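Each chain gets a letter, A, B and C, in the order it is written, and its residues are counted from 1.
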Amino acid sequence: MSDDLVTTIGLEVHVELKTATKMFCGCPVGFGGEPNTRVCPVCLGHPGTLPTMNEKAIEYTTKIAMALGCEVAPRSIFHRKNYFYPDMPKNYQISQYDLPIGSHGILEVEVDGQRHKVGITRAHLEEDTGKSLHMGGGGRIHDADYSLEDFNRAGTPLVEIVSEPDITSPAVARAYVGELRSILEYLGVSDVRMEEGSMRVDANISVAPPGERGVKVEIKNMNSIRSVLRALQYEEKRQRKVLGAGGSLDQSTRHWDEKSGKTNPLRSKEEAFDYRYFPEPDLVPVEPGVEWLRQLKEELPVLPAERRRTYEDDLGLSAYDAQVLTATPGLGDLFETALNSATQADAKQIANWVTNNLAGLLAADGEATLDTVKPADLAGLVDMVAAGDLSTNQGQDVLAKMLNTGKDPKALVDEAGIKQVSDSSELESIIDSTIADNPEVAERIRAGDQKPFGFLMGQVMKATKGQGNPKVVTEILKKKLS
Amino acid sequence: MTKKLWEHAGHELAGLVASGNVSAVEVADSVLSRMEQAEPDVHAYLTPTAERARADARKVDQAKAAGEKLGPLAGVPMTLKDIICTKGVRTTAGSKMLESYVPPYSATVAERMAFAGLPLIGKTNLDEFAMGSSTENSAYGPTCNPWDLGRVPGGSSGGSAAAVAAGQAVVGLGTDTGGSIRQPAGLCGVVGLKPTYGLVSRFGLIAFASSLDQAGPITRDVRDAALVLQAIAGLDPMDSTSLPNPVPDYSARLEDGIDGLKIGVVKQISQEGVSQAVQTRFRGAVSILEKLGAQVGEVSLPTFDYGIDIYYLIAPSEASSNLARYEGVRFGLRIDAPDVLTMNSRTRAAGFGAEVKRRIMLGTYCLSAGYYDAYYLKAQRARTLIRQDFERAYNDFDLLVSPSAPTTAFAMGEKLQDPLTMYLSDICNVPTSLAGAAAMSVPCGVSAEDGMPVGIQFMAPALGEETMLKAAYAFEQELGFDAKPAIWSAS
Amino acid sequence: MGIDKKQVEHVAKLARLDLGEDEKELFGSQLSAILEHAQTVAALDTDGVTPTSHSVPLLNVMRPDVAREPLDQAEALANAPAVESGHFRVPRIMESE
């Protein structure tokens, strides 16, 4: 019965901009460090202080709005959002209300071959809060004896991106967050590190029969794209179970617990929220004007979606490869430069080496980063494999060495004297002696039992010190044993 | 020289210091001793800064000795209303909440005054967070009107006005949100100028109502007002609402006279609600303006009658937000409690006085869900009507005039129990504040009834300070008002 | 424009003011009186009038993204009522029941 229930998800994503200074004062933006050392009278909310707008933050937010296909407001203003919280110095947050910088955008994602359009309600600019450290009670706010406030983060430019409730499944939600993160990384406006909180995702999820309005449940504390998926899957199941059992849900906020893999209800404040928004009198309106907007538009980079399209349509890459290559700007850049300098290898082969071998090695080894590999060297390596001078296995060894030493493949190949023997006369003598050394095995194969073929194959490769061209060896062996 | 140093106007003292007749330190000492003499009666000061004053004065003397050219106010002892932040010098805003608050930075106006060479004599009393019209709302006790110690000096800048009137400071800075410079200046018989919104930086002025607050001079004569305004006016990158317009030389045209200047007498705030004694003096002042060649006519600004009501919807709303930062976390008073909400609520209940609480309640209510449109937004629209009323008036007139206050200084406690009548004592001043325009109060004599000073208010369109000062100067010279409070000579 | 006790208490909570019973009484009646007086404004015809939220005709006042020297920790904490290991210390954030 719960099969005909529909899941509706809306996401609210907060992104810290990586400007040099805070939104409304000249304090440096940063992560970690000694508490209360990146603060000034302004971001501490001292009496008499006034905010001054960070031009770069306005530009970044406008670019985000553009990249999300939003209408960029010809006139936007800041409002004060009034509520008391000890991590908020002025006890009001300078935010945007009815005139955000961006509105009515769209973000398209693909999940197992299915395209989903997710509407963007708004993208607005505000200031981040400080951080509370909860002391006692295991560091949980509910059981803490008291808290400590660090305002280093207070005032960091924060863009809030609110989606329409267009998301129909946890998988689509994950894809949306992933795509959004790629776009922001391409724009170079944020570190988008969910673990460090420079990208924070809250979700509203409801389950209801088609056409009916479900009860919105808000999920907080999802600190990775994976936990977004897990939390929403858990919550979806939970709500379906309750409804399936004829129970009812109540509007609430739940906290995702990574360890237990469960969402737990947050004790809700009985106080009704009333933010008393009003236009911030200390700041004047922003009216970018066509010229400024045109300039910002020109500065927009090629975005992941467009890149994916060219990779698939023009270069004939698989959807998977295109996806992996465009997820972060770095991989795609490496791939494109390598492809340009390659002489033998084609796009598919280069892509393959980047997505499988290189990505694998990078994941395995923590030190090595993308920029340890010179695109030209990668191209050179894949060319050698394509030319048959190296086997795939040999190539992987060389690539590993390239990551550690930063040397180019030619040099490494010569040093280690690695080469692939494809010369059949040379191989034949080796094969003959191997057969001679294993007469009964050879007999069984001739008798039609193919099982030991692999063993014999291995013996030959061993004898060639792994440098025999597997294709050629197989051919000769087959011929001699038929 | 029979006149004691502290009795001189600022430009006179600066001249004496510049010419080497006296040292800045001598001037400072003279004013400091005068302060000791009058302070027990007047209670104008919350934090005297004698040592700072002498140190500042010494710097001026050293500059002079080094042959540097001194500014037109160098060595003139000043006071700052204690809502203007001064780095390293306690700044209370007249509130228990900030009793031990020492700012880590200085207001732009404080820095500019110091840069101009004015030694800081002390921080003066005010209604708590500038909310009041009598200085009785100070958490540190009221300031008395030097002309009659049983009466209020007006407010909220009553301490600065009283200090200048009693000779305890030569010039001072006040802040004006809805009359807080002009009304006390009028009630204390000194000159007070509220600049065009945006002409003077608000950075470092403890905010009351952000869209209205302005700092300005309180002085003994118009020339000093021009010189002080010169020192503090002009663009400040720390205040996004500060105007980039070039600042004229306000003293240059002071003596040009007002022959032919068109001056409108505002009907709405010159008659009903204004005491007979004040009206008499005001009419006398108007005839002087005519005598000086001004073309005087009556002008009606219908929306003026709504000024106070509009003001008391807008100012408290902004204040309720501006004062949210006082909750016992980062600075100021804290009353401890087991949880943050209770700590905040008890701290604010104990740290704020009745008037501040009243306005926070009023403002919170006006902004709260369901009332915003009816009150705050409606008032913002009405505010536009007032601006338009002014624009129409300035099509026909260069300046407008009215009394500075509806009555002379009232008795201590007289209006304390009834906020509404207290609010109405700003009836003459609020409209210009809402319009963001310039206005100033100049003494125009004393009341025949009670011998208390009466002021005339000159109003100018935005950035009309130059014309306004010129007219005020001409009027002042012609009137030659030289009456002084009794305690002036009681020494 | 009467404001009843419940409204006063709601507003007082929003404003974080721990008012005594007498204050609730007083402010309730005084706010009512002030807002009563302000009804004159309600009578004004403001249809199509744009609200004045800023007194200056300025636009796009921004600052370049260039860092300034922050306060050092001691200065930052100098006015704090309660401090612990470089932080501002506050009581528990969840209301104690």
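Quick note on the criterion: a residue touches a chain if its C-beta (ideal position, glycine included) is under 8 Å from a C-beta of that chain, and two chains touch if they have at least 3 such contacts.
Here the structure is a predicted model, which means the values were calculated and not measured.
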Task = Check A-B against B-C and say which one is joined by more contacting C-beta pairs.
result = B-C
Inquiry  = Of the chains shown, whose Cα centre falls closest to the middle of all protein Cα atoms?
reply    = C
Ask   = Where the CA atoms of chain A average out and where those of chain C average out, how many Å apart are those spots?
value = 40
Query = Approximately how many whole Å separate the CA-defined centres of chain A and chain B?
reply = 57
Message = Using Cα averages as centroids, what's the distance between chain B and chain C in whole Å?
response = 24
Query = Which residues belonging to chain C are in contact with no fewer than two other chains?
reply = 13-14, 16, 53-54, 56, 58, 61, 63, 71, 76, 88, 90-95
Request  = Indicate the residues of chain B shared as contacts by at least two other chains.
outcome  = 101, 104, 211, 237, 240-241, 320, 324, 327, 329-331, 340-341, 344, 364, 368
Note = chain A residues touching 2+ other chains are 41, 44, 52-53, 84, 86, 147, 149, 151, 274, 276, 278, 281, 283-284
Key: Complex contact set, residues of chain C against chain B   = 3, 7-8, 10-20, 23, 27, 30-31, 33-35, 37-38, 40-42, 44, 46, 49-56, 58, 61, 63, 71, 75-76, 78-82, 88, 90-96
Ask   = Across the complex, what residues on chain B touch chain C?
value = 100-102, 104, 197-198, 211-212, 237, 240-241, 243, 303, 305-306, 309-310, 312-313, 320, 324, 327-334, 336-346, 348-349, 352, 354, 357-358, 360-362, 364-365, 368, 374-375, 377-385, 387, 419-420, 423, 434-436
Ask   = In the complex of these two chains, what residues of chain B are touching chain A?
value = 84-85, 91, 93, 98, 101, 103-105, 107, 202-207, 210-211, 237-241, 317-318, 320-321, 324-327, 329-331, 340-341, 344, 364, 367-369, 372, 376
Key: chain B partner contacts - residues on chain A that touch it in the complex   = 41, 44-53, 80, 82, 84, 86, 89-92, 147, 149, 151, 274, 276-278, 281-284
Task = Please give the residue numbers of chain C that touch chain A in the complex, ascending.
result = 13-14, 16, 53-54, 56, 58-68, 70-73, 76-77, 84-95
